[in-house]
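Please read through the structure below; I'll follow up with questions.
Going by the order they are written in, the chains are A, B, C and D; count residues from 1 in each one.
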Amino acid sequence: MKRRIGILTSGGDCPGLNAAIRGVARAAYEMFDAEIIGISDGYRGLIEGEWQEMKRSQFSGILTLGGTILGTARTPFRNMRVIEEDNVDKVKAMKQNYEKMKLDCLVTLGGNGTHKTANLLSQEGLNVIGLPKTIDNDIYGTDFTFGFHTAVDIATDVIDRIHTTAASHGRCMVIEIMGNKAGWLTLYSGIAGGADVVVLPEIPYDIKKIAKAVEERANSKKAFSILAVAEGAMTKEEAKMKRKEREALRKEQGFVNISTRMAKELSEMVGVEARAVIPGHIQRGGSPSAYDRVLSTQFGVHAAELIRDEKYGYSVALVGNSVTHNKLSDIAGVPKLVPAEHQMVKLARNMGITFGD
Amino acid sequence: MKRRIGILTSGGDCPGLNAAIRGVARAAYEMFDAEIIGISDGYRGLIEGEWQEMKRSQFSGILTLGGTILGTARTPFRNMRVIEEDNVDKVKAMKQNYEKMKLDCLVTLGGNGTHKTANLLSQEGLNVIGLPKTIDNDIYGTDFTFGFHTAVDIATDVIDRIHTTAASHGRCMVIEIMGNKAGWLTLYSGIAGGADVVVLPEIPYDIKKIAKAVEERANSKKAFSILAVAEGAMTKEEAKMKRKEREALRKEQGFVNISTRMAKELSEMVGVEARAVIPGHIQRGGSPSAYDRVLSTQFGVHAAELIRDEKYGYSVALVGNSVTHNKLSDIAGVPKLVPAEHQMVKLARNMGITFGD
Amino acid sequence: MKRRIGILTSGGDCPGLNAAIRGVARAAYEMFDAEIIGISDGYRGLIEGEWQEMKRSQFSGILTLGGTILGTARTPFRNMRVIEEDNVDKVKAMKQNYEKMKLDCLVTLGGNGTHKTANLLSQEGLNVIGLPKTIDNDIYGTDFTFGFHTAVDIATDVIDRIHTTAASHGRCMVIEIMGNKAGWLTLYSGIAGGADVVVLPEIPYDIKKIAKAVEERANSKKAFSILAVAEGAMTKEEAKMKRKEREALRKEQGFVNISTRMAKELSEMVGVEARAVIPGHIQRGGSPSAYDRVLSTQFGVHAAELIRDEKYGYSVALVGNSVTHNKLSDIAGVPKLVPAEHQMVKLARNMGITFGD
Amino acid sequence: MKRRIGILTSGGDCPGLNAAIRGVARAAYEMFDAEIIGISDGYRGLIEGEWQEMKRSQFSGILTLGGTILGTARTPFRNMRVIEEDNVDKVKAMKQNYEKMKLDCLVTLGGNGTHKTANLLSQEGLNVIGLPKTIDNDIYGTDFTFGFHTAVDIATDVIDRIHTTAASHGRCMVIEIMGNKAGWLTLYSGIAGGADVVVLPEIPYDIKKIAKAVEERANSKKAFSILAVAEGAMTKEEAKMKRKEREALRKEQGFVNISTRMAKELSEMVGVEARAVIPGHIQRGGSPSAYDRVLSTQFGVHAAELIRDEKYGYSVALVGNSVTHNKLSDIAGVPKLVPAEHQMVKLARNMGITFGD
């Protein structure tokens, strides 16, 4: 059996991409006669026809390497669920290049945007397999995406370091964690870092409730407070608005960052010294953790198993402790958010963590 | 509602013990009128009546702290499934001290040995809740124990560091990973660390098969090999023996460590420079990882929820993504080993990892 | 011999404070009959009379602990070189409390501001010993302050993580490193992190020169650039202005952060995708590195040796590999900046690092 | 100006080798017209004529990479100070290959053994520059070798992890740190890790003194003890013997490791539960720390500066805060041991650390 496999990584940088690529490659070489084509910078390379035949040695020594050896770019069309007029040419180009490369299969590593395009290409008749990567953990149908737990480690380390400053100075520190729509990263790192207040995009907040929690601590022996706030957090009022409306209002108010705004408000309302910390991109870079190396590797190997079995149109997934796969059409573009009544939220409330709602 | 809760930590040191203790305490104080008694050094303190009333502040700042603030000791009776003659007094003492402390409930944090005793005390009429901790991940009924993933991180870091020496010197490095009966830690860290050979207690090995894998690499461009070997690994011949028989034979042969023996054999059989590395106790110490802090905290809070609901005789567990609980009588002392046909083993084989069988 | 020692930590949080406190205490208890008074929140506690007698056990287990067990606050008077009118009362209060505590000596841990006040109190007749801590490494007379190397580790780790994102996306990443006046932290972490461009407060920059370096890389195979920029960096034009003038101009221009401005300018000038990263407070928090634990411990012990020998009015220092001490009056408030012709700068230039001048 | 430079790495693996190689290469390419030849596996490659012309891109991305891209091997002749009969051919071969490669200069990265050979080749008329690498920090004329501080970080991390086990179980843990002749690594990591007892090769011990220190702690509130013991530690009696004599005696006594012997003795003498931990090779592997990346880079750049200036026969060094160089003939093979009266030893004694003498 022989298979020509194209691989691309699309969307934001994420720890574990190279480990997953290595998993696909090692298992493909082990199980069948594989030829692997590396496509540059995600769908851009597929559209513009930029690729290279990979040598076996290129997949060696990359297990621990951060980033992606293939390069990445944001999905070239925003939220492409259907082929819109101006995308017809791009899709055509992708199909032509797929033919030109003589691929038996295309493996795409990415998040929700990447999966939408993958599904679309699958519906157009290409053999596609998706691997769910994102530090946001917001892909439907998989318990965890790779990259997520490494980001939790990094964000937790940030909170740990801020903890000592907060405690030594008796300050209120507002740490802004990545996550525009999904609060998983904030929820996990907030609990792991011992945050007093955790604010998620899915649970709109009332600043007065947060101020009350900060004030109670300020008046106690432990004068400091740690707030883990998702970058996409919003007030109850804001949550009622449409996105454009909210963004317009914020712009008018001179909004820069949620953490900066919150620190300012709390310092005015409670009288504490409050500071914003915005670790930003460091949450998505660097070497994958042991957890993510195992997960990425398994995802990669399972993708190769699907190729061996000529099962296309799937996205690899972790369900419980099993690596399995979902139909691309079932999961593509369906975001997985934190349910307000999620067990972790309830457990967190039961130990006194404030969500500000 | 008021509850007096006794807590003890038993068995080997393990990251996350303090995080779990904190979880129990914070949730108990939050949800009901709790008094918490810290029992010293596991069951020893319960037998000998050594304990102290804890203050709320004692549970503060311990989330990231390695070890256990309560002290620990190995279970005082080996494999106590039934009350044997010479243990009658110990059990009596434990029941008397339980009364003396006026406990509503005893929370025990430990591994299989600890759970056996916990179950026995439960059958004797005490209100007991168990929390599964161990770096071995070998407790039945829970997908993961806390401490396991931190140990995977440490063992993986060890393999990473050894990797560069192996590659620079073209050596064969045999890394001995903790785990006498269960190979989970070796399996996970072996995959995460990119080991070429993984040897588990559950899958007896043939040294000739391992030698062949090492030889093939020695003759390739990448001259070095990384072996992740569980301390409890054994040959196919040894696996057929009874434990005492095997131990006697090994003693006769001057056996010290599995890794030392294997390095010697491989160096003789293949002619490579082979070295053993035995990281030992560092795999069980230190601050818990973010993953284990979340898991321990949730386990602790769930224990407090069970106490609130007066549900006793259970051990807290993770099943899929849910924190839940099993009957102590169902799981106490049932070891969870790596099935030879486990999906992870199959995935690993499919990417060319050798198990030596 | 008996000595009553007061200790305070002043100024910004910094790794190694607790290790240094422990060093003073352990050596004092070991060498003579010591009583130690912990003064709360730096000079604030000395002025307001807030302190506690410390127990020996309070100095145990704090070697690795970030922050300061004594609390800290910014120096209560800005740049106090002489006793100005409105400070007379504060100084009086400090002297009275020194008497009240019956101190033989006051040990102050802090940066340049702290040392100024320490020197002033010394000139007022108090027995004072200073320990130089700051992540900025900008205290005259010592090769290194404690806290600095830990901050280098953290900032380097930040650069490492950003590196993979930069490389995967072909981006220009501008990382803002702490340091308003002194560029040591940026210089060390920039070299350690493999930055292409390093911008220091001491070497004013010309954005056109930086743009040229970024453009050259953008046109090469390695399309990305890493810039390590001190928060206090300024253009050649800005460097000619007085501080107030510069600040006024920047305010007018809507200046927020140096890295944000630089990313915007480079993206406009070169056409690359440029992003700012501002790790902020994480650079000053958390557990001290091994290097800083050794340095802090030695500084602490040497302070106790000075107390034993009744040598007061000194600040402890590292010169070459020796721990020694300088007269407070010689070094207090003298900043140690990076000389433009410093050997490290020249070495960096010789390997192609751009300073933008 | 044009220079053909040969580079080799010799002796044990050590963090920072690749960073130093990169430093040489980047500075050479920047400053003059350089051609670089990578010689495989240390002097073996020079003797056997195994090398390759390096491309500029091969020096990219290796700053953080552990190990050495050139491969390494132990020096091919033990302690070669003079050309002994059986080495004549080897030296001849090295000179011939130097000619064959048309080198202007040979850069050798290694420890004391490597430097001896480098000096010998220099005396034979080759242009040689040495770079001092070793985790032992035992090279005369430089304050620090690169690799040392990374090893201190790793060894300290090991002690930290063991600390929690020791404290939780009330055990005496004997941690064996690398260093056969020089105790620098044990001294630094022992202080950084908060060891109670530090045993160095340079300060022979009396087990009774160590037992006394352990016993005193066992009887105190903090029942546990941490011992940091260099692998080359020896008793006062052993120190009086010649090496062969000592080794013979130890063999007779069934000696395996110093830590194992010490744990056994202390457990018998004091009655505590004592355990040996032997982290071994992990102390020399993995990515260099920020400190070592800076030092290696500077050493590499300075080597290129020397080549630019045609200054040969030197070994690069750190003296105080300056990077400088020593004559190879002055420092080759002169070991730098810990003086018994070294300031760090005295400071450590003053804070109550026991050296067992």
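Everything below uses one rule, namely that a contact is a pair of C-beta atoms (placed from the backbone, for glycine too) under 8 Å apart; a residue touches a chain by one contact, two chains touch by 3 or more.
Predicted, not measured: the structure shown is a model, and the values here were computed from it.
Common neighbours of subunit B and subunit D under the contact definition above are absent.
Common neighbours of subunit A and subunit C under the contact definition above are absent. Taking the mean of C-alpha positions as each chain's centre, the chain lying farthest from the centre of subunit D is A. We define each chain's centre as the mean of its Cα atoms; on that basis subunit A and subunit B are separated by 31 Å.
With centres defined as mean CA coordinates, subunit D is found 42 Å away from subunit A.
Residue positions 157, 160 of subunit D are each in touch with at least two other chains. Chain contacts in this assembly form a single closed ring in which each chain touches exactly two others. Contact between chains, per the stated criterion, is found for A-B, A-C, B-D, C-D. Per the touch definition, subunit A reaches subunit C in the complex via residues 9, 12-13, 15, 17, 41, 65-68, 71-73, 154, 157-158, 160-165, 167-170, 173, 256, 275, 277-282, 284-286.
On subunit C, the positions that touch subunit D within their shared complex are 23, 26-27, 29-31, 57, 60, 63-64, 143, 149, 152-153, 155-157, 160, 188-189, 191-194, 221-222, 289-291, 293-294, 297-298, 300-302, 304-305, 319-323, 343-344, 347-348, 350-352.
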